[in-house]
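Right, one structure below, let's go through it.
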Amino acid sequence: MGTDTTALEHFDALIDADERIEPSDWMPDRYRETLVRQIAQHAHSEIIGMQPEGNWLTRAPSLRRKAILTAKVQDEAGHGLYLYGAAETLGTPREELLDRLHTGRQKYSSIFNYATLTWADVGAIGWLVDGAAIMNQVPLCRCSYGPYARAMVRICKEESFHQRQGFQIMLELSKGTDAQRAMAQDALDRWWWPSIMMFGPPDAESVHGDQNMRWGIKRFGNDELRQKFIDATVPQADLLGLTIPDPDLHLDEKTGHYVHGPIDWDHFWDVIKGNGPASRERMATRVGAHEGGAWVREAATAYAAKRAAAAGQDGAAA
Amino acid sequence: MGTDTTALEHFDALIDADERIEPSDWMPDRYRETLVRQIAQHAHSEIIGMQPEGNWLTRAPSLRRKAILTAKVQDEAGHGLYLYGAAETLGTPREELLDRLHTGRQKYSSIFNYATLTWADVGAIGWLVDGAAIMNQVPLCRCSYGPYARAMVRICKEESFHQRQGFQIMLELSKGTDAQRAMAQDALDRWWWPSIMMFGPPDAESVHGDQNMRWGIKRFGNDELRQKFIDATVPQADLLGLTIPDPDLHLDEKTGHYVHGPIDWDHFWDVIKGNGPASRERMATRVGAHEGGAWVREAATAYAAKRAAAAGQDGAAA
Amino acid sequence: MAPLVTYTLRQGDRALVLAQRLLEVVTHAPEIEEDMALSNLALDLIGQARALYTYAGEVEGPTADGSVRDEDHYAYWRDQHEFVNPLLVELPNGDFAQVIGRQFLHDAYALPYWQAMTSSTDATLSAVAGKAVKETAYHLRHSHSWVVRLGDGTEESHTRMQDAIDELWRYTGELFESDEIEHELIAAGVAADPAGVREQWHSTVEATLAEATLDLPDDGPMQSGGRAGRHGESFSYLLGEMQVVARAHPGATW
Amino acid sequence: MAPLVTYTLRQGDRALVLAQRLLEVVTHAPEIEEDMALSNLALDLIGQARALYTYAGEVEGPTADGSVRDEDHYAYWRDQHEFVNPLLVELPNGDFAQVIGRQFLHDAYALPYWQAMTSSTDATLSAVAGKAVKETAYHLRHSHSWVVRLGDGTEESHTRMQDAIDELWRYTGELFESDEIEHELIAAGVAADPAGVREQWHSTVEATLAEATLDLPDDGPMQSGGRAGRHGESFSYLLGEMQVVARAHPGATW
């Protein structure tokens, strides 16, 4: 490869041909930085996302649900690891990325700053939050950056299973006792608006949209994905016999799309800024686990060093 | 006061006249050491004794019972403080006594090394353990050492109230649902033998008995107190409709006393040695609270010193 | 539910939930005197809760079967969303500075609150207030003293105390919220006006923090929701523990 | 209750209670790989418990109303004294060394146990054993590795790991107890002989501790009672938490 211009032309050509950029390819600094941030924040979201559902592992009301939820939380840890791995191919080690999370320089999806108050919240998260995440993530399976796209393919497969399980929980509750139905409705009441906010603010207000679109990091606008999600989800709520907590929600016969009421974007930005109901708790748990576990990681490092030294000596002696 | 011999004669005269020895009186070293140990271990028992019942404060099944139990645990803390105060009059500060507890050099009543597994255990402890403690303690209200005797008078008053409350719990349970009756019987099954062991091994095997009797520290033998307790308690169990877990227990028509089956003294010594079901937990909680609270006590000391220094300066300036 | 019932339950739940947190500390306090003090606090708060729950039952009136809900109904048989305490009192226990910080910020509210309530046009609430004022004065003296000792003690205690106040601050706003439920009660002289209570609270807190050489936090966004039955994640654990024995034996008496 | 039922429940409870303690650690582990490993452990143990509980229900046979007790009956509707797990697995979580220590001492028992049970004359238990052996081999590899890393890591990790093993030791004896309930089952080839299992357990433990530069504790008095339904004080809290949602909705399906 000759000059930077040639490298950029080559890069642009790959992008234009909808081909994958791999770790060994040249890439603009901004592309690399944007991806590191996006992939890392996605990874952080998986890790932090273990907490609201992890909150119900010990209390799951049947052994089958306990097993399914445990498998889900385990998957989320795995997703986090894949994604940190993908981010590491761009040159930043996991430890540095975690440090950015712990010090607030990188964020995670704000949806996880809400509290899971009942067992039905576990169902609502699977149904709505994973549902919204899938909407956001399926397009990323065709993201220009290879390692990220491949991680997303693996993740999307598992996440659609999780979403079905969440919906199953809601279905059982809505067919169940009065108390179960009330629990399901209450969870929907609390998770609906935060879930549709997961797609981010209206495109008109979005900052990085265009460049990310051009680079194949983002494929669809926020509003388009949000609409897609709502159109898919309203019939599911009808099937459950539950009421979406939006009095303005109605079907526009002409367009065939559901029109929703005004979203409280002030609340959205407030939660982004760290004032969500469980924001402090999420970080305290994450940082607490990391700092509390430092002696364990140090021990593992020390042990590995001892083994390496012994192997070195064995090699020398041999 | 002239020579030691005169002091000893004076001391013996007080003892023989059943009068009180006060802190300012001369007393033999062995008398002082024995009392420090006995009073301190009594204090330790009150403090450690807060734990088995404290274990049910958050789960008491009615607000009235919650309040009564809270008051009881608070009283026990108070008893501990009175007793440390009494021991301190003999020259050993509380901090030193607590240190002896925390390092195992001084003990506490072994009865508190058993676990409270259900709400009924709270009733059983009040009924049986406080009942046995009262048997042991009422004679101490006439102990030769003044501060100890006076502390015991205050304590006995409150403890008989506690015992009645414990019996009330058992009464409600035994008149209640099948599950409540079963809970009460199960608690009696687990607390009976440990309670009658509270009086200590048979007099024939007791080490310090005679000297302590002569000094008015101990008034009655272990067997006598144990008999008294059993004679009082069996009719109470009958009233509750509960069965004492001793198949050999029967009334000796001739003597009018209840004869009990063999006591497992091996188990008693095993628990004394630290192998009770909750022995480790009791010490871990106590030592944990003490060590965990060191920074708090240091702060209080530092603050007091600052205030004293400021007052000194004010005094100098005035 | 009638506004007076919700209002009364808010105070009762505030007392009971705080008592429950304090009971968790007993046998774990830094010194025996504090095991005593905290259990004494809890005992007073349980007493307040019992009086308020009993009153709520009377105001709600007989149920379908003719019985009146008693204090234990409200404590053991309501679910999470029916508890309407402010979030401050349900926060999990942290270190002793956090326990004292929560207590102090609460007591500095509760004293002027109960003082104002001695003038309530509701005779029962006014009577509860008469007793609670005396108790709360002692509580505040105790928590104030500890804030000062810890704030002006050692470097470690100062840091812990400041951290505690900083973390707790976002839960203080909710103490002074009022909503439609309370507006008519305030107008009727039944409920204390939160604005007046807040003034005294702030004055007490400002003075105590200054004496303790601690910084007064700036007001930032406030957490809220408890008074509307929306709690934090730790609350369902608290409730589960508190209610487990009672609920295992429906209809039983103790 | 038939000896086979009690015996089966002992194994099922051992698995479920241990899984429950592991689930408490998830999101609090020292690294993400451990959150994964511990949840994977828990998942396997839950699976073993489900199979064993289902079998216990079949062996117990239909109840008065003709229904057979299912896995959820045993998990959610039995009381404390009916759970017959050994005390080791119900111990509250301490630091990571304690969690690993408990796991290792357990896995070193469970592997030879399940290996022996593959030869059980009871076809169901033998089938459960076939699956459990594979899972437990992985579990033991994981816990063994951590014992070695922590024992031969830093001074701090060594101390913590030694302390954990020393504290846990008094709970190991119960794993190898047998009573009248088990004697006939052992004689019939249904149940593994604890003596044989103990030999392999001891051999594994001795080798691992040596590799980890840890001291093998002396056998002292052993704690006991779990297998007879007499638990420690922390167990009622574990059970209360595990069962709270299910018991709040009797008859509901999930």
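We call the chains A, B, C and D, going by the order they appear; numbering starts again at 1 in every chain.
Note that in this section contacts are C-beta pairs under 8 Å (C-beta built on N, C-alpha and C of every residue); 3 or more make two chains touch, one makes a residue touch a chain.
Small disclaimer: the values here were computed from a predicted structure and weren't measured.
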Greatest separation from chain D - chain, by CA centre: C
CA centre of chain B versus CA centre of chain C: separation in Å? 34
So what's the Cα centroid distance for chain C and chain D, whole Å? 42
Rounded to the nearest Å, the gap between Cα centres of chain A and chain B is 58
Where chain D touches two or more other chains at once, by residue number: 240-241, 244, 248
Residues of chain B that touch at least two other chains are 59
One finds touching chains in the pairs A-C, A-D, B-C, B-D, C-D
Chain D touches which residues of chain C in the complex? 79, 237, 240-241, 244, 247-248
List of chain D residues in touch with chain A within their complex: 16, 20, 23-24, 26-36, 39-40, 42-43, 46-47, 49-50, 53, 71-72, 75-76, 96, 148-150, 152-154, 156-157, 160, 241-242, 244-246, 248-249, 251-254
Taking the touch rule as given, give the residues of chain C at its contact with chain A in the complex, in rising order. 80-81, 167, 170, 220-221, 223, 225, 230-233, 235-236, 240
Which chain A residues qualify as touching chain D in the complex? 47, 50-51, 54, 57-67, 70-71, 73-74, 77-78, 80-81, 119, 169, 172-173, 176-177, 179-180, 285-286, 288-290, 292-303, 306
Which of the residues in chain B end up touching chain D in this complex? 52, 55, 59, 115-118, 186, 190, 270, 273, 275, 277-278, 280-281
